[in-house]
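After the structure tokens below, expect a handful of questions from me.
Order as written gives the chain letters A, B, C and D; numbering starts at 1 within each chain.
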């Protein structure tokens, strides 16, 4: 398996030349454009890695399905989906238009920014510190990594430059959909996006989703089976921003990407996959990362379709 | 199995009270609102049926993935997807807006009307009669039903009232995307939508998709494996109009609905499903039909997620 | 006065270098880019001209306020404005989007194409020939030019390439707003756009609008005073496509432009102005023509604000 | 004249039954629905009043053309119109959509909220207190009322509930159009909207606009002639929210309305008009107020068209 992964990395390294590292959050500009790494964890907890797999990067939007799972367990399906829809939007992740044109004015799904902010606002806790603590513990349990922490520079950078997210949050508040304090919710959201991970962390989370929410290492159930199914469904229909449809065809693995360059894949009943390549296309997905996912899907016949 | 199906029909017949039969095509108003039927064909070609499974209805949008498969084989993936996109649109099936706002002005995907009309325009043939003949043969082969034919009343009714489809086709022509004669393309499209089927026809097509494009009955390959995968992917991301996301969560079976009341489901490597219930919700999907799909998915654990 | 006009033409001829003649109707490509002419007719029927004032060109959208006047007299204000709105749309003249998003689905105003097509459909007559005859007579009376006729090459060219207009007309029909036969209405509309005029014809129509609808030459009332006021109001709020707001600031004269290069201005109780310059900006307005209008407005202090 | 005004008030009082006082700012709910008053100031500084003309109300959007005039004098036309467009938008005053769809992402015009916020951000001053001071002096000079002041309850209410305005301001900041601190700009904007006026104050401002920016009382020039023309043009094309086109037809007087129930009219070279009627239609305009403006326009033949 490691040979296969190594070959996939070698074959696709060329694609790291294309695109650009994210610039809209100044801290993210510091990434090394040519990095490319992969980790696979299978159902027997075997770990296979290749490429720049030790590099840390911020989780960004890859966090969205995880906080969705937590919010679903905290609030139940009915409450969550009264505040956020279930449909792909066809628009970029930071689009605000459909909030104005749709009635009720709820975000189309939890994978676009407006929806993810709503989800973060629904995580339970006595106060923001408690909510953050619960969220971090959930990420730590799912990844089996007790040392997960927040990259403070990225967090501060997001907070300083997050005006588009503020626009969405205030719009949702003006419609009565978001009822919490905007800056509190965004502070938690920016921290969530700034959690630092490696491809192994993502692969570990992915394999636990593949195992329907039960932790491979401990046998402990970390999320309900239904919740794990919902999360994987969104990863297919909306996981790769407004390129999800094309990705479902070319890869066919439930996945979520982030502008930090990460991709988390989960192959039901088979494996979790983490990929990292910080150079992005116009829609915000890792160019070489998608190529790696295409290669592994084809070589190991992983498409769910 | 037939007992299970019978119970599913019995349990869900109550939902036929809700919604309304399609009215935008006058002929469709004649449907019997309380009809509900199901057919399952498994990989050993066993056929199980329950409810009003002998009723004929027009295929309508359920035809879209089939003509997509034919167009893909006629033209290749690259050419088809230069004319039609691969992304869910988030808009109703007859929406024209995104044609104006997106560059290039191609339909978002082949499951909305604008995209399906483009797909129909790409079916090869010496003339319209030849194209129709090739299309009908493809439907006949996939369903194993040599007697498939067009409901002339519905076809005439669609032709008379199809001005919204004309608007889309002329828009696509004004953008240079559609290059064929509009009335010729629409004539073929209206005929395609007016093919009369039963739930068994749909289940047969579904099982052949589940079997990656090989005909269960004859062992003959009817479509490339890759084409069958593409078709099933669109059935997940865009198969149930702008309710596809919710359906993927609650059912999780690649499916396509039509305003005639039909739903075709395909469970990879397992079975094909045909359902009929003509009373529709606001988005154009069979209300009781979706309930039936939810029941069977849950009882037989068919979700792909 | 003629010296003033001559100087205005001389000073602004340089701007004919910018932009391009209309290409979307193939016949219009034949115009001479550097032509620039003006004609002013005052309330005492004095005629002043300068530049290429003998050139003929097709009236195109400059016809829209005139057919609006006729439709208002044929149907009354209430009926007309139940089918077409009164608001600027903020969108390009051939935009279809707002037809989908607004309820009821009527065009925003009679100066965008969708609205103008609706207006043309409301002109009374036993048949299309009779409607055309009534329309031509109205244009002839207003311009005092018995010889006005249709440029057959432009008409055929528009008919061949008018798919965007067909898209709008079919959309309006699918919504039940347009009830006439689409090709009949468009045939009349394409003929209306293909009437050949000179700047003198436009100035003559303009001065009759300035005189509240009474013909300067004969003293005969050609349209109701209220109708003439309505027409002039639309010329301010929507007369220069989606550049009307800027033009109202820089020129301040009720005006209507067309992609043939014409601009018709009407200064209430003072004069009518016709300008011709076929090189257009991106919004479809004559670049040098607007400059000429700015100059004359400033020199003669003609802004209504 | 006062008899005419009294009759107009008497005839139109019935329309105060329709619509509702503004509710989106809680303080505005306290208005008396049946109030209706008018004041006319002519070019000889004669003052005529009728109805509930002593009532104070907050100026709200009627302030927009005034701060536009100040920003134009502070920054020049070129700079202002590089940040805010000149076109009617066709959308409601608090719409955010076009900010996303138009390139560059500047507000369509200074009369919708997004544009007015940009204008407020361009008023010069050492700090917010200084800017407010300059703004208040400008309003005081134009109205000839040294006692103008801010209604603190309304101001606090706007600040508490102004999340839609915050959404727009943060969106503009995320696009780099607004560069100031959002809460500072909005604080100034909310204060501007909360200035308390009577119909006489509005009529006084109106007559000074009618007199091309020269103060009737002192003969002092308060704004450049060109600025006064620009302001009046926007009052025609965008002064009555997305009902400006219809109002231009039925009234034809450059006017600006506010959700406090005020309407300010300016008849070039003739008079200023102030009207107050707090019950609004769906677009935010005073229902009885518009009727009063229609009556006075018709009786005194005041349409500029």
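Here, contacts are C-beta pairs under 8 Å (C-beta built on N, C-alpha and C of every residue); 3 or more make two chains touch, one makes a residue touch a chain.
Note that this is a predicted model, so its numbers are computed, not measured.
Between the contact lists of subunit C and subunit D, the overlap is empty.
Taking each chain's centre as the average of its CA atoms, subunit A and subunit B sit 32 Å apart.
Inter-chain spacing, taken between the CA centroids of subunit B and subunit D, is 54 Å. With centres taken as mean Cα positions, subunit D sits 47 Å from subunit A. Shown for subunit C are the residues in touch with two or more other chains, namely 101. Annotation, chain-chain contacts: A-B, A-D, B-C, C-D (touch as defined at the top). Within the complex formed with subunit D, the subunit A residues making contact are 95-97, 100-101, 163-164, 166-171, 173-174, 182.
Subunit D meets subunit C in the complex at residues 85-91, 98, 108-109, 229-230, 232-234, 236-238, 242-246, 248-249, 252, 254, 268, 303-305.
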